[in-house]
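Have a look at these structures, which come just after this line.
Both complexes shown next keep chain A, but they swap its partner, so chain B is in the first and chain C is in the second.
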Partner chain A sequence: MGTTLGIGSSLWAAGGGEHHGLSWLGMMVYIALVLGIVFFALSRAKQDFGQRVFKGFWSQLLEQVYLFIENLCVGIIGAHGRKYIPFILTFWLVIFVSNVVALFFPTSPTADLSFNLGVALIAIGYVQWEGMKANGVLGHFKHFAGPKLPPALLLISFMIFIIEIISEVMKNVSLSLRLFGNIEGGHQAVVAMNNLGGSFVPVGFLLMPIKILTCIVQALIFSLLTCVYLSLVTHHEDDHHHDEAGEPAGHSEAQPAAAH
Partner chain B sequence: MFIIGLILAVGGFWVSKEVKLSFLETLASQGILLDFGKTISAIGVFLILFKVIDVFYFTPLRESIQGRTTALEATFGEAESLRSEMTQMKTEFEARLAQTEAEAREKIQAQIREAQEMRTQLMAEATQKADQFLKRAQEDIARDKEQALTEIRQKVVTLSLQATEKLLQDNVDNERNRKLVDDFLAKVEVPR
Partner chain C sequence: MTGHVFGLGIGLAAMGVAIGLGLIGYSAMQGMSRQPEAIGKIQTAMLIALAFVELVFLLAVFVLPGSLKV
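On to the complex of A and B.
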């Protein structure tokens, strides 16, 4: 059981050295734990739904998170970004709670590259699906070939297409590796610090503030980048219209800032 | 979506146990632990999760927030409507007040004008009556004076006749008679 749940490299204990990762069952247990926390919070918050003013702690917290994600979606994607709120909010909640679980437990779903890759595949897959819905299948893939070039430069268009396809695939890798690296890296840093303090002094606990910040920032970055990708594929036609008219796109200011 | 998610979540277990890819072992030897079974299961869990969370939590939350926003907008709209109504009523009231003041001022002016006309008329009438009274009094005086003079003359004549009669009856001399008449006339003459 200890091996299944990855116990032995917890925040408080001295590090065991090499990280072996979770088994399938162990990951499912942690996913169940994360979903249990999420559903507990949502269920407590739901008690206040329908009231004019949310008075409970959980409902107020969820409302603020909802408004935060709504601002994120509308600010980056535009007015039609509201329909992506459930999608982005689910990501944010699961990733954030998983990250918080990583603070107090030996590991968490987001500290597992396989889980993060699954989440990234869903995010990028959904982005491609929305892109195809917005521009049509041909229009969406045509977009990967870059600007329309003369026939003599067809080879360049083909190369751009290949590079863009690789870029889209690499988005999965970058999203999953970034999250995995930050959470697992933070965990390894705590373990290393604990080793400095011996078996009884949890020196790694001093890293708690920066780890809390990492939890928030990584959940935000994943949600924000998904919004940016959605914005790029669903605003494509609008951007071209704006460019032709010599007007800046409404979301063009938000994207560079968000991408950073 | 729910069924697909369920199939993927369970199918991931099978992939994790049964499917062994050589490049994954290479990655594992380099410290990158990747298990596509867990990835597939994660995708399945998320597919279920999206639907469940959306139906049971986000939709009620969104409806609640939208309902509240709508209620607030309605309240603000109502307040705005009431404010504009109040402004309109205030404007109407001020217009009516100004109109009433103007009417009152007009009435007062009309009353003053009427009073002034009445005063002028009364003054004219009074003057006219006073003139009439004066004229009548002067006429009465003139008539009384004429009448008095007439009466005096008649009395003078009467007295003269009486004196003459007395003189004739008493046979006095001319000189004495003349003296008597003169005395009498001197006595009865009234200065004009």
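On to the complex of A and C.
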């Protein structure tokens, strides 16, 4: 695949074998691209800082992106999800830009399983860290053992613990494999369609709409699942808040019953 | 021989996943048309379920060749 574009073929590893991923230089160029987008957004947003509403085209567009991620975080995690917005927004930006890069170039970071596994490890590791911060280290591991069972069923709890640990590890695999499979599968489909059209007709171009849809949905799903995992490990804290907030209402309902 | 088994397995996996995705889309659309005000929540849940069903096919594609040693 690396030979279709003559220039800059050192941006992706053109070597034989199974590996079609980026080279180090390509990865650096990609990181520079994402950082450029971030700094562009910051510079545009800074121009509109003094005004009451955002008037510039770019700042309005980026505000919509921010609101989209904010809705995702607050809608799934709850009110305390606001502090995860930078984290989720970074993931969304990196994965979305990488997916869009895949539309124009022979390869992209997310069409490489190593990059996806790295991103997924960061995401799941951060989820563990947040779980330990919310519930304490022991509380976080107790959370794996499922509901509280009587001592006679200790073996069941232990088995639940093992299965939960395995599923926690598999979360990395599932996050990375899903992204890799969708993007790389799209590439393979385009290659197959191009072979179908012979040397002159690029039939694979007809797959462009569904590939754009895949790009958007996969970036969304990665951020969404990270949000869901975060909400799963931190929602105990939220439950306590609900209990405390619910107690006065419960008392006011209980008092008339007691008066009768 | 293993190539044939692999092809059959991929076909079966694709069929099952297609049925699953169709069911998800079917019920999500039904729910959305019945309660248009809940579209946001239904879409979120739909995407999550969709991602998990889709993963089964990807696992079949990427794990089956390794287990069959094609």
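One rule holds in what follows: the second predicted complex is superposed on the first by the 185 of 260 C-alpha atoms of A that agree within 3 Å, B and C clash if a C-alpha of one lies under 4 Å from a C-alpha of the other, contacts with A are read in each partner's own complex, and residues count from 1 in each chain.
Note that in this section a residue touches a chain if its C-beta (ideal position, glycine included) is under 8 Å from a C-beta of that chain, and two chains touch if they have at least 3 such contacts.
This is a predicted model, so every value here is computed, not measured.
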Which of chain B and chain C A:L61 touches, first, second, both or neither: neither
Which superposed partner A:P109 touches (first chain B, second chain C, both, neither): first
Touching partner for A:A134 - first (chain B), second (chain C), both, neither: neither
If touched residues of chain A are counted for chain B and for chain C, the larger one: B
Contacts of A:A189 with chain B and chain C, given as first, second, both or neither: neither
Contacts of A:I156 with chain B and chain C, given as first, second, both or neither: neither
Which of chain B and chain C A:G181 touches, first, second, both or neither: second
Touching partner for A:V29 - first (chain B), second (chain C), both, neither: neither
Chain C-contacting residues of chain A that also contact chain B: none
Footprint of chain A on chain B - complex, ascending: 12-13, 16-17, 32-43, 45-47, 49-50, 53-54, 56-58, 60-65, 67-68, 71
Contact footprint of chain B on chain A as seen in their complex: 19-24, 27-28, 31, 35, 38, 42, 45-46, 49-53, 62-63, 66-67, 85-87, 89-90, 93-94, 109, 112-115, 117-119, 121-122
In the complex, chain C residues that touch chain A: 40-41, 44, 47-48, 50-52, 54-55, 57-59, 61-62
Partner chain C, residues of chain A touching it in the complex: 71, 75-76, 174, 177-178, 181-182, 185, 217, 220-221, 224-225, 228
